[in-house]
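Each of the two complexes below includes chain A, the first together with chain B, the second together with chain C.
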Partner chain A sequence: MPCGEYFTSYESRMGLFRWRIQRVALVLALPIPFILPLLGLGGGNVSLLSQMFIFAIAVLGLNVILGYAGEIVLAQGAFMAIGAYTTSRMLTTGAGLLPSMAVGGLMAALVAVAFGLPSFRVKGFYIAISTLALQFIAEWFFNNSRAEWIHGGAQQQIPSDIGLIGPFGGLGGDLSIYYLSLVAMLFFAILSLNLSRTGIGRTFRAVHENDLAAAVLGVNVFKNKLLAFAIGGFMIGVSGGLYAVYIGFISPDYFTLALTLEHYVMLLFGGLGRVWGALLGVGVVTILQDILQSILQSISAATGLNATSLVSVFFGMVIIIVLAVEPKGVLAALGQLKEYLRKWPYAY
Partner chain B sequence: MVDFVTFLDITISGIGLGALYALVAMGFALIYKVTGVLNFAQGELALVGAYGVVILGTSSLISTPLPAVAAVGATILFGIILGIFLERVIFRQFIGEPVLSVIIVTLALGGIFSGFIRFLLGPNYRSYPEALTFGFSIDLPLGTSISAAYALAVALALVVVVALMLFFRYTVTGSILRAAASDEQAAMVLGVSIERTIALAWALSIGITAIGGVLLAMSSGGAGFSIVATGIIIFAAVVFGGLDSIPGAFLGAIIVGLLQELGSFYLEGGSAVVLPVVDVQLNFGAGFGEILPLIFLLVVIVVKPYGLFGTERIERL
Partner chain C sequence: MSVDDANVGSDTDAAAASLRSGPAIPPEDAVIGCRDVTKTFGTVTAVDDVSIGIEPGEWVSIVGPNGAGKTTLLNILNGFYTPDPGGTVYLSGEDVTGTPEHYRARNGLGRTFQGLELFEDEDVIENVMTVRAVKNRPNLLSAMLFYGAGRKTEAENMRRVEEILDYLELWEHRHSKIATLPLGVRRRVDLARSLALEPDVLLLDEAMSGLTFDEKYDMIRFLTDLHEQEDLALVMIEHDLEVVTSVSDRMIVMQKGGVIARGPPEAVTEDPEVARVYTGVD
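Here is the complex of A and B:
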């Protein structure tokens, strides 16, 4: 018997679940979100968890573009809006939710690739500027009544009697949205985990670290950047579609720059480039935001001040403090803490 | 057909708007040139300037408002102090950090400023004190006219721009700033205190931006949250001018202002022009004027990313 666990093959080193404790944790933890609503979780909490799962998909998409490929994209709101409006348009044709979401995702991916095209010549903050421009253009576009024949009206009600595919597999109530977004989140989480382990993920990282060196080593930098834009854009678009169905109503006001900033807080808080970090960040920040909102709302009701606008102040401060103290995110900080405790009382 | 006097009218107001944007754009270019920070919060900083006058000069928050001119002066002073404060407390932590961190920090700062102003004053438009709004308009030759508030704002903007140019060209401090921008290490060897220079650059940049915000608000009679959009529109100006060039930022801002005014008159609403051959009215819907500079920005990024006067960076392994 070896005194511990060792990797004896490449497969076990690169496995999704490498340690025995991880497998035990998986078996014990995975059923929890599936049985939680059955254990008498309140409707508000189910709704909050659904929102968490939906945002997790968008943040994972951002993680692919920003964490893996290192392109600064400031158009989360725009991509989600494109996904949401496309899904809404597709739903009215009676195609069902899954095909509509797929088309929404593809549409967002298409726009993402189109706005990734300048990366052929420029990089870094130019992409940030052009995607920020996309955000403003998208807000104008979805508010514009003359483009109604494309997006179908700025304010839209999502039909409630929709099926998964076509009219089949009818969706009813919050619980089905909950399970749908949970499954979608798990799917995209595994997809991103696998992406980071395969050649594509390593190529993305190479482009991120030093694109010139990657190009010298024979990596097609432009193609890989576009691929990252497409994958990430698809995920963000799907998340937008789910969000539209979750709220049941879409308006350009839901998809502003504030949403982009919120997703950045989530991703940077958890840890850039790590799937678990993204999930942790979404969870913690969503719960914090919910608590903060309710506190500020009660303050507003009591004093008559518009205290709810302080949410963005709070998030701005969180993001600055996180970036100043631990730019790699909470997950990296936890790892350091673990190392410290392991070596305690010695420094090394 | 399109009437010449109207065209001239719109061109003049476009150049005027450009001169107002120029202040904010120059604030951006200055800080990028000296410290390499891309400030995505320029729009919100202009907003702080615009609302500063509302807070100090009207009785919406304080019981005894300052006289109008004093309020403007105090706001500019506040901008300068804010610049030094931000440099000391926040941006010093991020020297040498990746571009992403700095961009996100400025975006977060923008969120903090606009959220805080929304908390203090609410999301509504606030009009300026009486002394800063003028009802009459000035007649120009060829039958065009321009409202007095607008003309004064533009004139002040031009004065500030010229003063800045002279400052950079003829004073020792101006030369130090230029030296630090062109080669930080060489400037240090020659005895320039980089710390003090960076603090000065921030103070100057946010001071100019605050003036820009005040004048933007003054040209429309009061402060509103639409000023935040300036933050993205000036990117069109500075990218076209070449990011690190201050005269380029000025020129770019004039062109962007012209594009916005012409776009909002000729390409949206009832006054939209009709294409002569196919007889289609070029009406892109309300608000297209502010979108046209962004489309221009995208074209510049694709066609000429280093702009007119920008230095092209050559990368080596």
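Here is the complex of A and C:
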């Protein structure tokens, strides 16, 4: 009688949850976010978790461009804004949320590809500057009243009576946004995991690690970079559309460089290039940020000082500490701890 | 001077002339070849009017002192450098002079690196799988859904990669990170990676540099098997003349960017001009 687990096919060996313990954990953990609101989770927590799921999609998108393909983009806010404003405009046509978000994602992907074009000749710092320019252009564009015929106005109220597709599957209240965001996040997380374990993700990483060797070994470096921009841009755009519906109101002030910084903190905290790391980073940083906001608001109320602006200082400190202690993020640190415990009391 | 001496002299001259003739076959008919290729960097001419033609299934070694232009020639053949105007590169009869390196790699040109250039953050199997994905890549949708054709392609790639790792005796290292491996194993990983493309011709840039005697023996064994069993054409830059003369069908000797001799190893090594280049003695 055999002991242990054996893989009898290549497909089973490449499975996402290939070990029995992983499948058990999945079955036990997956229902939790679905039943949490039914167990009396407060409205504030439902809202916080919804924001977490939406940001997770955007950070997964950033992970594709930065973590997989190694392209530094500083236009997270711009991509989300493009997704949000496009979704808002589409919703006014009565298309429904899913088609509107899809168009928002496609528009963001298109712009991401356009601003990724310089990667044909330059990389690293220069691409970062190119995308930073996009961030400032987007902020100027969405604040510009003469471009209202395109974006529909800087400040926009999102219609409340919208369906998922056309008028069907009406969305009502925070709970439906919560479940929609949760399902969308799970969908994009699985897509990201699949991308990572297939040839496309591998060629992205090859371009990231050694683009010269990758090219000599047959990888079309430029095409792969643009593909990463397109996939990541799409995910960030969809996240922007969901964010618009979640808040119910859009303004360029929600999509500034500060948002980019926030998402960088989340990704770097969890671990660059790792889907689980991105999700962990979003979760931990969002909760920490929420706790910090409460404390700073109390301090502001007690002292009359504007202490809430210190949140940016917190993000800056998190980045510095993570890069100094474990540049590969918390997930890598946990992996090292697991290895240490597995080998204990031996060193190797 | 006797008639015999005169005959010996004319034979020697004829042999020397044959060593300094053009390519063995026209570059246009070769599996990989180039015609009238020159490459200058500023005022330095790294490759000077070189024409070569490699036959399918042939093992050719390029030798010469440091700075002779051997690696630059390889870089021109694989598209890393573009030759100066007037030079042409052919791959299986196709003029590929203006094509990028990835096009040539996908059309049968493999390459190993003197400096290895492995994907250091990945393990052995991922290094080879990455290159295999170029040869046999799923479409975006089926890859992202990991369903249908995408799933089958990945499974087939994994099967093929495991065959390559087994062939090169890398099985026990398949899950090891590159950084933890000794040089001999890393050179084999580099070879495995290029084989994942199933090339018609393989360019080897000092594939035995830095190896121990045993590691070099293993590498020669693998290359000989590939050459004989798979009919793979090999173009090898190598400094070890003992290795070169034992395994090569032909040798090309380079000096100061140009070809000074080419032909069978035994004829080339006996050539006084080649001896002068290597020993510095007239």
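Miscellaneous remarks
Note that in this section the second predicted complex is superposed on the first by the 341 of 348 C-alpha atoms of A that agree within 3 Å, B and C clash if a C-alpha of one lies under 4 Å from a C-alpha of the other, contacts with A are read in each partner's own complex, and residues count from 1 in each chain.
In this text, contacts are C-beta pairs under 8 Å (C-beta built on N, C-alpha and C of every residue); 3 or more make two chains touch, one makes a residue touch a chain.
All of these numbers come straight from a predicted model, not from anything done at the bench.
The superposition on chain A brings chain B alongside chain C with room for both. Of the two partner chains, neither chain B nor chain C is touched by A:Phe168.
When the two structures are aligned on the shared chain, A:Leu212 is found in touch with chain B and with chain C. Centred on chain A, the angle reaching out to chain B and chain C in the chain A superposition, using CA centres, is 80 degrees in steps of 10.
When both complexes are overlaid on chain A, the residue A:Asn144 reaches chain B alone and has no touch with chain C. Look at A:Tyr348: by the touch rule set out above, it reaches neither chain B nor chain C.
When chain B and chain C are set side by side, the one touching more residues of chain A is B. With chain A fitted onto itself, chain B and chain C come no nearer than 7 Å, counting C-alpha atoms only. Applying the stated touch rule to the two superposed structures, the overlap between the chain B and chain C interfaces on chain A comprises residues 210, 212-213, 216. Contacts from chain B toward chain A in the complex involve residues 38, 40, 90, 93-94, 97, 99-101, 103-105, 107-112, 114-116, 118-119, 122-123, 229, 232, 235, 239, 283-288, 290-291, 294-295, 297-298, 301-302, 305, 315-317. Here chain C touches chain A in the complex through residues 78-80, 100-102, 105-106, 111, 113, 117-122, 126, 129-138, 140, 143-146, 150-151, 153-159, 193-194, 197, going by the rule given at the top. By the touch criterion stated above, chain A contacts chain C in their complex at residues 9-11, 13-14, 16, 191, 194-195, 197-200, 202-203, 205-206, 209-210, 212-221, 227. Here chain A touches chain B in the complex through residues 66, 70, 72, 74, 117-118, 121-122, 124-126, 128-130, 132-133, 136-137, 140, 143-147, 210, 212-213, 216, 258, 261, 264, 268, 305-307, 309-313, 315-317, 319-320, 323-324, 327, going by the rule given at the top.
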